[in-house]
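This report refers to the structure that appears directly beneath it.
When the chains are written out, they are named A, B and C in that same order, and each has its own residue count from 1.
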């Protein structure tokens, strides 16, 4: 049953806002930060115009904002909030704190490279810094996916066997400010998919006192609570499959924990996440036209990490390459390490190559994709896996030379 | 208006058995505040000694509690208050289930790290209570100097030593005035030695919507290096010497609720506290003692 | 290796006692390790501290769960379910207890199989120091028990106390008290306690957030903690003198004082921490302070 749906040209930010509007969210504490601001502006406008029945408050910082979001959720309402990069870092202490409260609100993060140097365009160091906090994480490639993921995130987060907050991530600029046609689902149908939030584990009311977020002393007590969070987060894997199945039946679109593109018969696999995956898909398509058996695996559910699905997707391949749009300074690509961990105990596993690309929104050109494809094939034929490398072109370095001279560094 | 200590309610909102130190002045202040607030409260607490009031699986409170973090208890209060309002407005919670939202923090959180979130909450006219137990240092971490540490106090980070014989060279921030500049409807200083004053102040602001803020002077035996039995006495002496003025500001207008008929010299308050002992022994720091007395005199002029 | 565990109440000096012992052993050329365990509790609440002494480098860290020697600096701790000071004690082990009672009586009363030594070090500290700060005394007792030398103890007390106080006289008195305890106890041979209790590794069962969130849904249950065990002195009311002014009731930080049917105040001794504010504040001087002896 698809119901009545409308399609519109929407930015990623507007798509998220629509997702929130459709989810009957009660409360939105907010704080502006580029490139997320348009989300909270849209929501604020709808609330002021009476199109959404929710409380909206501009807080004094993201630290306060995430606290207020968690506290409101701990009181028993459905909460949304949004941030990006510097804001996520500013509120970092509270990410761990509120997820420990087991409160299922949803937050959008619009990825942006982290200072210093301060910049505006996307990479994923911000969101991946939050990977250990307890939040579920869904990473999106398209505006439609961003909208849909908000609905899915609430279902997941509020599931009785999960009850953890969730982040829906999308890239700044490449999605946040980019318009494309998006189907806005019918509200009545959304309501069926996402029933009202009625917590039995965390609320405040006079007749049933509750002390929440209390301290613990002793490693065995702390370990219990932490590991329960871990198990709850992992529960979201199987729940995700049910929910996305139901989503597909209801809305006609489905999203796996990972997405395969031209993967079926692929011998070589490119692994990416978020909006740059589209460029990766284009490169894969070009390679296919040249007769190369290359496919792409896009990581979508980052927490819980769909280890089994990743293993399955990479089974029997000759080589795969991870493009990390992030850098753990002093170590390298974060997702490369995570995927390597997933594959390590497999008897037959593909060679695994690591590339850092797209930092601070740097473009990844055809030549760079071709370079990766060559490297994978070469590694397979020689058995030698190249050192992790940065994707960077000669032209880019020349441009850097010019800028350095202007800066007096030449 | 309550006249005598005998008229205070015997109803307790917080039961014994807490991990707070024997003789904790802040706990005594909190006990009286909660008596005045009644049973329908939710305390939103910041990192500090009182975080440990609720250690799994225990709570001393008859009502509810949420521990946040050091800087953001007022933001937590915002979330709780707003959520309760929404639930009631949307008919999902009976009005009888409503709670008074009470921020509880030490001075370190109030004067320093949480200043921004408190400023935000007052600015947004959040309907909440704020109880700051002011033990004049970071108590939970072992008593290091905070923005509330008075001139001359010894703390873990202002040890009187050869190069700095006076202890803390800096003076206490005036949180009352910092908060008052935000124009909250009600603001008061209180002391655990004056429970009737506490009760009356809470009575006075009952029913006022918006921020209702309290700064409680809180003798702290381990930090002040005083005997537990003397906590009430030092609280009283602070009032009687004029060091801790009992006052309130209703819509910004300041009124003292107790003006000592005859001020005791500050020395009486200082000399028996370990944290000020270096001002008297081995050498009497005449200048410093005079300086403290003059500040008090200037205030009351 | 010898493993010593100190149990005291915050402010009594368990941490410094463990350091006195550690330093004394170090001065005699042993490998030594000492550290306190900080709990939530503050002054008056149960705390523990640990010292390891060995001829070889020490490869253990953290809490000592199976000690050879236990120093209980406050007899009331023996009744404290949260402190649980005798846990992990083997038959070969030794417990020193600060109490007014005799070792045989203590053994019977608390059903202790291991060796027990007792001494009223609170009285000694009140006599010599004028206050119940037991660090040097407990350190002295422990040094004797593990057979260290008096000279090392003396030096250790000096070093440890110089870190906290510059008062020469106070350090001298602490040395005196410490040596007094050292000499009042026999030196004993302790066999290292090798028993290891085994508990199997399990798979953590999942529980939904209704149960597994860190929240407490029973209100006001702290009275179960029985902080009455913290007391060294106890407030005792004399109703002949009491004017029922209610000052004491309103001055108790913990809210331990209630009013009986005749309108007289009385304390909930199960939780009264013995801060003595009530006694200090009573205008009629109707509350006296009594040394808390564990009468049984």
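As a working rule, contacts are C-beta pairs under 8 Å (C-beta built on N, C-alpha and C of every residue); 3 or more make two chains touch, one makes a residue touch a chain.
Since the model is a prediction, treat every value here as computed from it, not as a measurement.
Line, ring, star, complete or other: which describes how these chains touch one another?
Drawn as a graph, the chains make a fully connected set, so complete.
Using only alpha carbons, which chain's centroid is the nearest to the whole structure's centroid?
B
Per the centroid of Cα atoms for each chain, what is the distance between chain A and chain B, given in Å?
The separation of the two C-alpha centroids amounts to 43 Å.
Using Cα averages as centroids, what's the distance between chain B and chain C in whole Å?
Going by mean C-alpha positions, chain B sits 31 Å from chain C.
How many Å are there between the centre of chain A and the centre of chain C, using C-alpha atoms for each centre?
Inter-chain centre distance comes to 52 Å.
If a residue has to touch 2 or more other chains to count, which residues of chain B qualify?
Residue numbers touching two or more other chains: 52, 54-56, 58-59, 61-63.
Using the touch definition from the top, which residues of chain C touch two or more other chains?
In chain C, residues 39-40, 214, 216, 219 touch at least two other chains, as defined above.
Among the residues of chain A, which ones contact at least 2 other chains?
Residues 101, 209-217.
Where on chain C does chain B make contact in their complex?
On the chain C side, the touching residues are 10-11, 39-45, 214, 216, 218-227, 230, 245-247, 249-256, 258-259, 268, 271-277, 279-281.
Under the definition above, what is the set of chain C residues touching chain A in their complex?
Contacts found on chain C: 39-40, 204, 206-210, 212-217, 219.
Taking the touch rule as given, give the residues of chain B at its contact with chain C in the complex, in rising order.
5-6, 8, 10, 12, 14-25, 27-28, 31-32, 49, 52, 54-63, 192-193, 195, 221-222, 228-233
Give the list of chain A residues in touch with chain C in this complex.
Listed in rising order, the residues of chain A that touch chain C are 100-102, 160-161, 163, 200-202, 208-217, 224-225, 227-229, 231-232, 235.
If you look only at chain B, which of its residues touch chain A in the complex?
These residues of chain B touch chain A: 39-40, 42, 44, 51-52, 54-56, 58-59, 61-69, 71-72, 74-80, 82-87, 90, 92-93, 96-99, 116-117, 119-120, 123-124.
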